[in-house]
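Two complexes, one shared chain (chain A), two partners (chain B, chain C).
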Partner chain A sequence: MSVSSSIASRSGAQERMTARERRTRFWQMVQLVPIMAILVLLFGGALVLAILQSLGFAPWFGVNTFPDFSYFGALWGSSTFWVSLGLTLYYATVSTVIALILGILLALALVKTFPSKTFYKYLYKLPLMIPYTVGIALAVLMLSNGGMLSRLAAFFGMIDDPAQFPQILKTHYGWGIIAVYVWKQTPFITLAVYAVLLGIGRETEEAAAILGANRRTIFFRVTLPQILPGVVSSTLICFAFNVGAFEAPFILGGGFPDTLPVVAWRYFNDADYTLQLQGMATVVSIGLVAGVILFGYLAAYRRYERRMGRN
Partner chain B sequence: MKHTATVASLLALFAAGAAQAQDAEAAQFRDGFLAGEIDWSAVEARAAEEGTVNLYYWGGSDLLNVWMDRVVTPALAERDVTLNPVRITGTKDAVDLVLAEKNSGKGVGQGSVDMIWLNGENFATLKRQDALFGSFARLLPNAENLEWNPDDPRALLNLRDFGVETGGAEVPWSGEQYVCAYNADRVAAEDVPSTFAELRGYLEANTGKFTYIKPPHYIGNTFVQEAIYAHNPDGNGAEPFQRSVEEIPAEELARLIAPGLDYLRDLEPLLLDAAGGTPRYPEDNAALDGLFLNGEVDFNCKFGLYAVATGLATGSYPEAATQFVFPEGNMIKNKNYLAIPANAPNPGAALVLADWMTSVEAQASKLQQTGMPAGIDGWTLEEAEAQSIVEASPGLVGVTQAELDANAAPDTNATLVDVIEATWLEYIERDSTDPIEAIVARAYDNLSK
Partner chain C sequence: MARKFNIALSSRLSPFQKFYLLIIAGFILGPFIPLIIQSFAFRWAWPDLLPGTWWLEQRDRAMVPLAWDYVLSPYSRVWEATVNTVLIGSIVTVICLAICLPAARVLAREKFRGKSAFEFFLSLPLIVPEAAIGIALLMMFIRLGLAGSYVGIIIAHLIPTIPYMVRMLTAVYQGLGRDFEEQAMILGASRWQVLRLVTLPMLLPGVVAGALFTFLVSTNIFLLTFFLGQGQIVTLPTLLFSKIAGGTLDASAAGITLIVTLPGIILLIISERFIKEEAFGKGFGN
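And now, the complex of A and B:
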């Protein structure tokens, strides 16, 4: 009697547990609703619309040839698309790599103790608070042929005319674009790497030093593998931004051939509405390229983590 | 499964848009006004009831923005209407908004744009998409300040916008002419070119000291059109370019524009920064003004009859800037307009604004404060009124009105502008190796899609 009643009460308790679990799960779902609504409706909806339009569905411009792959065909079939893609990836990769190297050096310097460290810890974050457009304006004011540097050079008689100043902006080398990205993203990468460095402490590096490793070995064999999660996540964000960014290549770029986001903008901005579909095909192509590259990068990183025995 | 549902719901959304809804009462007002059954006092009463008017215009000129806030806003407040000036970076943004709202089913009384400042391709687009309020211009009380008689050749710019018939769906607001300025501190008066051949000669001696705004920006398009007029193989300038694409076969257009485009292609190595590989074409007026002010280029060509006078006043032009006649006989002249879209939320207030904007008072103060030439026609005004416009003018620098009139040319038909700009992009920017005939034929195909 007592046994059976205790079993009954236990099973009752179990049922109550699952009811509570269900409630918890329900609340979790409720908490997820706002972010899911934004992701699915705004981003997902925009993505679906972009893909539909790039495949010829735009009855509001009087165009409906869905499914029509000719927009992608025309885009991918022209050599200028591949030049633009190359330029886009070149600016994105070079600036991410430079920012990464500078960011790691800065983070490694910041973990050491030195006079007025607190001041420098605030100073390096300054570009994070300044918008990209302001950075671009600074580049125009300082580096352009009508900028401060060229005027000063003309004033001191180094050149006869500000126009003779060596051209930094508006070339296909993209020094202006890269300068703005590096200026803005170095602090971001520093922040991510510095946080990881603080978390792991310095014991392993000290142990390696005691065991006779030199500084180079310590960095590549001990420090770098430990800060890799910070490196990967921050470069991922910077690279994805650089591939899709519009303002810097538009204002500081060298004109035709443009980067892909600028190409897309030119299509959208044309008075001829049918070109918007070509623009959508460009946008979808940017998404595809960035998606494939980022997926490959993450997959390679996951494989590395597994090989290291981390999950 | 979930994706299919999303797509289906989106499709349903568009299907709903196809069924055009509209505010019945606003539609009744529109039909009554366009039929001439509603008198002006009733329009003014309705405008006061509506209370607001949303004017969308290019906000890149500080002088114009200040004029809107200091002059237009108080003038409309006297008529119990609040002006909501929406400053946009490109007129196409407003056109996009009108079309997007129209396609989501918003009719008259339900949209968000009451009036747009535009001309050329943007008007042609709205007209083609049937997104205009209707033929209102000649029904405004101030329509008498404009010449509407089709037998008078001077009425052409009121009746046609880039060769497209306005049909009274937009009212002229300002007139402009494409004028170039040079910096007299850098260029000797005898070296100033007056033809395209002389421009080339100047650039051979002073390589890199000139550029023009990049098409498809309309100011760049206009420079290309002038080069095409001047190199017209038949020697009749702008004349053949008044027809639309339907009236002129692709091969014929290709023949007419080829010499001009070849000239521009050959000019490329002499343009700004061409020594470094690719010539630099500025994106807009502000960028070109910066190059001119800084001495990077010696000439600045744009729509700006009074650009030098206002540029000197604001400091955006070099002190020695002077206007000159270039190219002889082909200085394109046009007007820009105010249009009311089909889904204007406050049609009454929009009509009151359009009427005020075409008044002598508004035109004179606009000319004086912003340097934008009058859009109304001086010969239709009484003597004192015409005199007030003349007195408001900031003045020409280095050219006379008679010279400008003698060298004026009409704009190119808007449908041909699309073809010419596509050809420029393909033939000059992308250095296509295809012959011009093939490029023009492709542009025709794209347009007919």
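And now, the complex of A and C:
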């Protein structure tokens, strides 16, 4: 980072930097070092190691054929990898979209005035506060063939045997996984959207209403463009989390072929430790796919912002 | 026209919204009712909506609910997991604060070249899938001898917590402004006095909010703890995972689920006073 040039650009090119200014600037940079060091070492280190290993660099196993693309070749050459990738993206996308719709609806309701508002402001944050594993336990309790919904169906005489209840968990449709993600992430998206709604106030909506817009038009033409930053950032985080999540697909998933994080984990726990390199190739693939999708999403959003004349 | 105008602008709930809020309450809270029932059940066969035999009817066999007797005994490792969760969460919060406070001050007040790139870099851990980081970190930590140790888990927990902490603290510093500190200096306060009497008291609510949120994120982390703990260190999320990994939920697992929920409820009640929705007004990413 060029310190002197940034000073120059800030306070005019002619002005010379005093020694005192330079010292403050130096201390400012020093304050950024710890956070930088931790993220670069852990994050960057893990990234570099993963890439090196997936390309055949693992001297501690006596494997060193770097650079060797055969691990990626073997992985990408198998059809189960693509099925796994498809499942991973399907669960992540469907649950993010459902959570987004539910979250926006909830945030729109929360800006209104109503008697039990305080209660709801506590209530909707509850799933945010507890681990995913609790959500999974609740899904098992509610959605399994012997679960509460199945009992209710029996109570209303719709079925008379647990086996007749439609299989929700442990199928590749993944409704159990999606239910857990939606349960946990609707509050997150609500929080982000609600925060933005509070920030923008209601003036623009009022103006649109005075000009004769109906509710539908107001939402799509006035409110939605304004809450879009909150929508984009929260869905980015949810989607990335869903792609990399392990516990829900592991417990509630339909078994082989698994989602990619579960596949990677299985490679790592295999007795044949050379499969760990295959696992690393899987991990790098997850990162690549997520990176490409998220980058495309952000780029599309930026383009939209520019078209709207915002930056 | 006037009627339409009223509907479009009303600050009251529409009938659909009333219905929707009820559905949401059922969706969020509903599953906890059978969970509580399950933890007190002695025998609960399939089509019954309520347990066939409650523990109360079996008092001659067990003085306390069977599930709770197990949950509260050392065999379930619940106490150990709770202590671990709170301990790791607290240490992570303290370290995270120490790292992020100075950085947030610089980010809030100074302009420098590459600042937006740096900010993007800081939020990167939020959008890189956890599984990718987790497994690669595990390989690294095995080399370094940190796998299965508290140090390793605490270091790993810094990755997802730093982005939130630095963002919340930056917002706090931006809101604080420099005026009050300058006023105090003009009136002859020393640097230490400014820090102690002006900066810290004004920062405190925001710092508490950031600390609570970091603690919350840390206590909810499953994947990093599970991968890096190597089964040697259990926290509440990993303990519950091992109980339900088979895909069934018995009475003791229901009890443990309730215990795992408890810290979240406590945090929710405390944090509602400190964490305001407005703090997230700028969004999380980019």
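We adopt the following convention: the second predicted complex is superposed on the first by the 272 of 311 C-alpha atoms of A that agree within 3 Å, B and C clash if a C-alpha of one lies under 4 Å from a C-alpha of the other, contacts with A are read in each partner's own complex, and residues count from 1 in each chain.
Here, contacts are C-beta pairs under 8 Å (C-beta built on N, C-alpha and C of every residue); 3 or more make two chains touch, one makes a residue touch a chain.
If you're wondering where the values come from, they're calculated on a predicted model, not measured in any experiment.
Novice: Touch check for A:Ala245: first (chain B), second (chain C), both, or neither?
Specialist: A:Ala245 sits against chain C, while chain B stays out of touch.
Novice: Of the two partner chains, chain B (first) and chain C (second), which one does A:Lys170 touch, if any: first, second, both, or neither?
Specialist: Both chain B and chain C are touched by A:Lys170.
Novice: Would you sort A:Ile35 into first (chain B), second (chain C), both or neither based on which partner it touches?
Specialist: Once the two structures are laid over each other on A, A:Ile35 reaches chain C alone.
Novice: With the two structures laid over each other on chain A, which partner does A:Gly201 touch: chain B (first), chain C (second), both, or neither?
Specialist: A:Gly201: touches no partner chain.
Novice: On the A-aligned overlay, A:Leu49 touches which partner chain: chain B = first, chain C = second, or both, or neither?
Specialist: Both partners, chain B and chain C.
Novice: When the two structures are overlaid on chain A, which partner does A:Gly73 contact: first (chain B), second (chain C), both, or neither?
Specialist: After superposition on chain A, A:Gly73 lies in contact with neither partner.
Novice: Kindly classify A:Trp60 by the partners it touches after superposition: chain B alone (first), chain C alone (second), both, or neither?
Specialist: both
Novice: Tell me which partner A:Gly86 touches in the superposition: chain B (first), chain C (second), both or neither.
Specialist: Neither partner.
Novice: A:Leu294 in the overlay: touching chain B, chain C, both, or neither? Say first, second, both or neither.
Specialist: second
Novice: See if chain A has more residues touched by chain B or by chain C, and give me that chain.
Specialist: Ranking chain B and chain C by residues of chain A touched puts C first.
Novice: Hey, what residues of chain A end up touching chain B and chain C alike?
Specialist: Overlap of chain B and chain C footprints on chain A: residues 45, 49, 60, 146, 162, 170, 250.
Novice: Report the residues of chain B in contact with chain A in the complex, numbered from low to high.
Specialist: Residues of chain B touching chain A: 3, 6-7, 10, 14, 17-18, 90, 92, 99-100, 103, 120-122, 125, 208, 214, 216, 273, 276-278, 280-281, 283, 290-291, 293-296, 418, 422, 429-430, 446-447, 449.
Novice: Touching chain A in the complex: which residues of chain C?
Specialist: By the definition above, chain C touches chain A via 1, 4-5, 7-13, 17-18, 20-21, 24-25, 27-32, 34-35, 38, 46-49, 98-100, 102-103, 105-107, 110-114, 118, 121-122, 124-140, 143, 155-156, 158-159, 162, 166, 216, 219-220, 222-223, 226-227, 236-238, 240-241, 244-245, 247-249, 253-254, 257, 260-261, 264-265, 267-269, 271-272, 277-286.
Novice: Which bits of chain A are touching chain B when the two form their complex?
Specialist: 40, 44-45, 48-49, 52, 59-61, 63, 80, 145-146, 161-163, 167, 170-172, 250, 254-256, 266, 269-274
Novice: In the complex of these two chains, what residues of chain A are touching chain C?
Specialist: Touch residues, chain A against chain C: 1-3, 5-6, 9-10, 28-29, 31-32, 34-36, 38-39, 42-43, 45-47, 49-50, 53, 60, 102, 105-106, 108-109, 112-114, 116, 120-127, 129-134, 136-142, 144, 146, 148, 150-152, 154-155, 160, 162, 169-170, 183, 186-187, 191-192, 194-196, 198-199, 202, 205-206, 208-210, 212-215, 218, 229-230, 232-234, 236-237, 240-241, 243-247, 250-252, 260-261, 264-265, 268, 276, 279-280, 283-284, 286-287, 290-291, 294, 298.
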